[in-house]
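Two complexes are shown next, each including chain A; its partner changes from chain B in the first to chain C in the second.
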Partner chain A sequence: MIEFFQHAITGLMIGSLYALVAAGIVLVYKATHVVSLAHGQLVAFGALFFWLFLGGLGLPFWLSLVPAFVLTALLGLLIERLALRPLIGQPLFAAFLMTFAIFIALEGVFVLYLKGETRTLPAFLPEGNLDISGISIPINQLISFCVAVLLFAAVSLLFKYTKLGLGMRATAEDHRLAQSTGIIVKNIFSYIWILSAMVAAVAGIATANVMDIYYMLPYIGISGLIVAICGGLDSLLGALVVGLLLGFVENVGAAYLDPLVGGGVKDVAAYVVLLAVLLIRPYGLFGLVKIERI
Partner chain B sequence: MRPCGVFDKSYGLDIAIIRTWQHWVILISALILLYTFPLFGSYYLVSFMNSLAITVIVVLGLQIVSGYCGQISFGQAAFMAIGAYTSAILTIKFGFSFWIALPLSGIMAGIVGIIGGAPSLRIKGMYLAMATIAIHFVVIWLILHMEITGSFKGLYPLPPSLGGFEFDTDERIFYIIMTVMVIMTYAARNLVRSKVGRAFVAIRDNDLAGEVMGVNLYYYKLLAFFVSCFYAGIAGSLWGHLITVVNTEQFTLMHALEYVGMLIIGGMGSIPGVFFGVLFIRILNELVMFSSPVLAKALPWLGSSPAAALGLIAFGLAVIVFLIFEPRGLAHRWEIFKASYRLYPFAH
Partner chain C sequence: MLTLNNIEVIYSDVILVLKGVSLDVKEGNIVALLGANGAGKTTALKSMSGLLKTELGEVTDGTIEFEGKRIDRKIPEEIVRMGIVQVMEGRPLFEQLTVEENIKVGAYSRNDTIEIKKDMEEVYQYFPILGNMRHRISGYLSGGERQMLVMGRGLMARPKLMLLDEPSLGLSPTLVKEIFRIIELINKEQNTSILVVEQNAFVALSISDHAYVMENGRIVLDGPSSKLKENEDIKEFYLGLSQVGKRKSYKDVKHYKRRKRWLS
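Showing the complex of A and B:
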């Protein structure tokens, strides 16, 4: 039983990372109805920028956090300005394909910078394990887990209670109607990409805390996308719940199924879950069901 | 391509693919040129053409399911892998000849494609694209975890042979690949202008409206996936026997993304567009290949071998530029050129 809880806790810690990555995707979708494949790159670049200042320049933790956030937000803004703004008014699917092209281009930049090497963040959170009746939890992962939950709460409150959040929800509903009530839709697009890039930076830093920065890091965006879709693309709660759930399933599944099928359950569990959810509930577990008319 | 003043005077002429005697001349001389190409082309050009033709077959399949039927698929590389592995297993482990294994691998990939296309009955657009990514990873995972596929080591199929003649060099297998490509192109060109093709287009433009008009959505969506994966399977089989080694490194998600990019650049919903897109990306790749050593020397911070990364950047930027400035792809430019040629020397 202790073993099971140990796997479960480890899974939940990893799951909070997935939830963080998915949060950025959900944010963009909630405000613009664009599904972003490129989000994994923002996560990876967030981690890379943070490494540049913490590991590369040797700045203290708080001082390297600020430029990392600013640079990632700038990258997000740049993507929105150069690539997605010209597509306003085009079919949403064009925007999806655009984010896919951005993913590839940024992947090239990422690979070009790393040159096949890995970068490891120096430890910046307290080390050690918290021991609760035999189950050990690494403290640094616990901190990033708490940060994830707090961030979710903050973003949900922003969407629900601020004027900016109201504007974003209105924009997602109908661009033209929102414009006619005095909301500047273009600005909303910029804000949401900046916000999403900052969430991505948090996700990147939290991810780089537990794994190296290497060429596969951007692909965590695909895991994030899976979580976002399974939870329902417009539901922050869904992203959190399904993110934690996916981490749980991956870890517990790997622990108990790997001996049966000969390993590698971790690599494929997410995709099987995605296929199952898409077949049973196409709009995700917490998503709004849309009725289509001709 | 018709000059000004040529009219179709019968129904047969109207539906013909090849309309004028000039077309016949161009077609036949192009075919003669194609089949004599290994005699005067360099080894590099011949192997380039081989991989080009195989990619054309894959992207033709993708064009049918995505460009015509509107179901975006990021799983094409996985279905190509299924074709390659099926053909390799049939020839190595069961002693089938290549000529039987080739169509069988297409059919095998098609059947798996029907299973893979099943989610399209409930979801579409971006959701379906994600489902096909999931299918890609599940298929690759299964290949890596099965005994018969040789797991990580992969398989080593032999070059095809016919009556003692071994197609064991790039110049020799060139004829097989080109013949298959020509047949597949002809089949695709005809499929999309038949009843089936019109049903596909109806589903793409508005699936609900199509269903109301009497298009059987389930049948035609699954048919589109079957045909598309059949193409991928054939291409995979050819690829395996050309390279004579099959492993999962050759069928990554990046390959599948590349095929979709070729489709966007070439133009969705056009058979010539496939050729434009594949040519454009492959030539772009070759240019990056040739220029990257020079760039690496001039800019030392790029590292010693920036070719792969620069290729990705160039490819991504090309797709971005096309999406912004020419979302209908090179095929649209070709249509404009054809229209102006037909009107020449008049303005309209």
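Showing the complex of A and C:
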């Protein structure tokens, strides 16, 4: 039994990373109805920027955190200004394809910089394990888990209760109608890409905390996308729940099924979850159902 | 306060929709814009509110002035802040938002929180039904309720001029009466000028001060509404009346295509 809980807890910790990655995708979708494929790249660059200052220049934690955030936010803003702003008011599919182009471009830059090497972050969070009746939890992962949950709460409140959040939800429904009510849609686009990039930086740093920065890192965006879709694309709660669920399924599944099928459960788990969820609930677990008037 | 001076509108660089439209809305007035489908009424409204640009339309000639300032090159967000709000045709709502959130979005261009609260209560007074369903998801409202909600949302921007695009579309006669009663009330109490595009010529002429008739991208007739109501052509084409007491023969039906020009 203890063994099961150990696997479950480890899974949940990993799941919080998926949830963080998915959060950025959900944010962009919630405010603009654009599904961003390039989010994994933002996450990877967030991690890389952080490494540049912490590992590369040897700056202390807080001093590395700030420029990493600023640079990632700038990258998000740059994407919005150059690639997505000209597409406001145009079909959403054009914007969706544009994010795919960005995916490929940034991917290229990332690989070009790393050249197949790996970068490892020096430990920047307290080491050690928390021991609860036989189950051990690494403290640094517990911290990043808590940060993830707090971040979700903060962003949800922003959307629900602030004027900016209201403007974002309105913009998501109809760009043109939003313009006609005086919402400056261009600004909403900028704000959300900055916010989403900052969340990506958090996700990147949290991910680099548990694994190396290498050329496959941007592909965590795919897991994030799966989580976002399962959760309903416009639901932050959905992203959190499904993210944790996916981590749980991956880890527990791998622990108990791998010996039976000979390995590889971890890689398939995400897609099995996606398939199962979409078959039962096409709008995702917590997605808004499109309103049809009869 | 709003003057269209001989404007020409072209969509996608090729489709000429408005061919020299001039019209004038005076402060505090209700002005009706009548015309058949495809005459260019909605395009005229969109040219005023700046929404043309998102549809690849462009004012290529002439000027639009609002309170002495040219607005034909401005973007919709700016025009809303200057005081023109368009209530679009088909009553588009933010369907996933609640009724109250929809109304709040209308005030997005303003920052005076206390006044916004007051105006919100005022909107609920004009449309008491909305007050009773503040927290309902607006996508499930009926046609009449939607019309009230889009008008309420428009009011929240405290417009000096409100552009209404077919407020009576698909509503029952009683509801049409109610909506137009409120339009008149808003015009009087808020001193909001109103430009209303309508198919229902009878109602539109009875509440407006002045009216324009459009056809094929041109204004073909205009005048005080009370006078237009008596105009033989208007009676014939828009109000469906013939001379009282006389038998109508299809031989006598004037087909307006036969006429070279309108008589005013």
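By our rule, the second predicted complex is superposed on the first by the 290 of 294 C-alpha atoms of A that agree within 3 Å, B and C clash if a C-alpha of one lies under 4 Å from a C-alpha of the other, contacts with A are read in each partner's own complex, and residues count from 1 in each chain.
In this text, a residue touches a chain if its C-beta (ideal position, glycine included) is under 8 Å from a C-beta of that chain, and two chains touch if they have at least 3 such contacts.
All figures in this text were calculated on a predicted structure; none of them were measured in a lab.
Partners chain B and chain C, brought together by superposition on chain A, fit side by side with no clash.
Once the two complexes are laid over each other on the shared chain, residue contacts for A:Pro138 go to neither chain B nor chain C. In the superposed model, A:Ile183 makes contact with chain C only, not with chain B. Touched residues of chain A, counted separately for chain B and chain C, are more numerous for B. Contacts of A:Gly46 after superposition on the shared chain: neither chain B nor chain C is touched.
Of the two partner chains, chain C is the only one touched by A:His175; chain B is not. Once the two complexes are overlaid on the shared chain, A:Leu279 sits against chain B while remaining clear of chain C.
Contacts of A:Ala105 after superposition on the shared chain: chain B is touched, whereas chain C is not. Applying the stated contact rule after C-alpha superposition, one finds that A:Pro86 touches chain B and leaves chain C untouched. Rounded to the nearest 10, the angle made at the CA centre of chain A by the CA centres of chain B and chain C in the overlaid structures is 80 degrees.
Distance between chain B and chain C in the overlay is 14 Å (nearest C-alpha pair, rounded to whole angstrom).
Chain A uses residues 293 to touch chain B in one structure and chain C in the other. Residues of chain C touching chain A in their complex: 49, 51, 54, 75-77, 80-81, 85-86, 88, 92, 94-97, 101, 104-106, 108-109, 137, 139-140, 153, 157. Chain A meets chain C in the complex at residues 88-89, 163, 166-167, 169-170, 173-185, 288, 291, 293.
Residues 35, 83, 86-87, 90, 92-94, 96-98, 100-109, 111-112, 115, 222, 225-226, 229, 261-264, 267-268, 270-272, 274-275, 278-279, 282, 292-294 of chain A are the ones that touch chain B when the two sit in their complex. Residues 72, 118-119, 122-123, 125-127, 129-131, 133-135, 137-138, 141, 144-145, 206, 208-209, 212, 254, 257, 260-261, 264, 302-303, 306, 308-317, 319-320, 323-324, 327 of chain B are the ones that touch chain A when the two sit in their complex.
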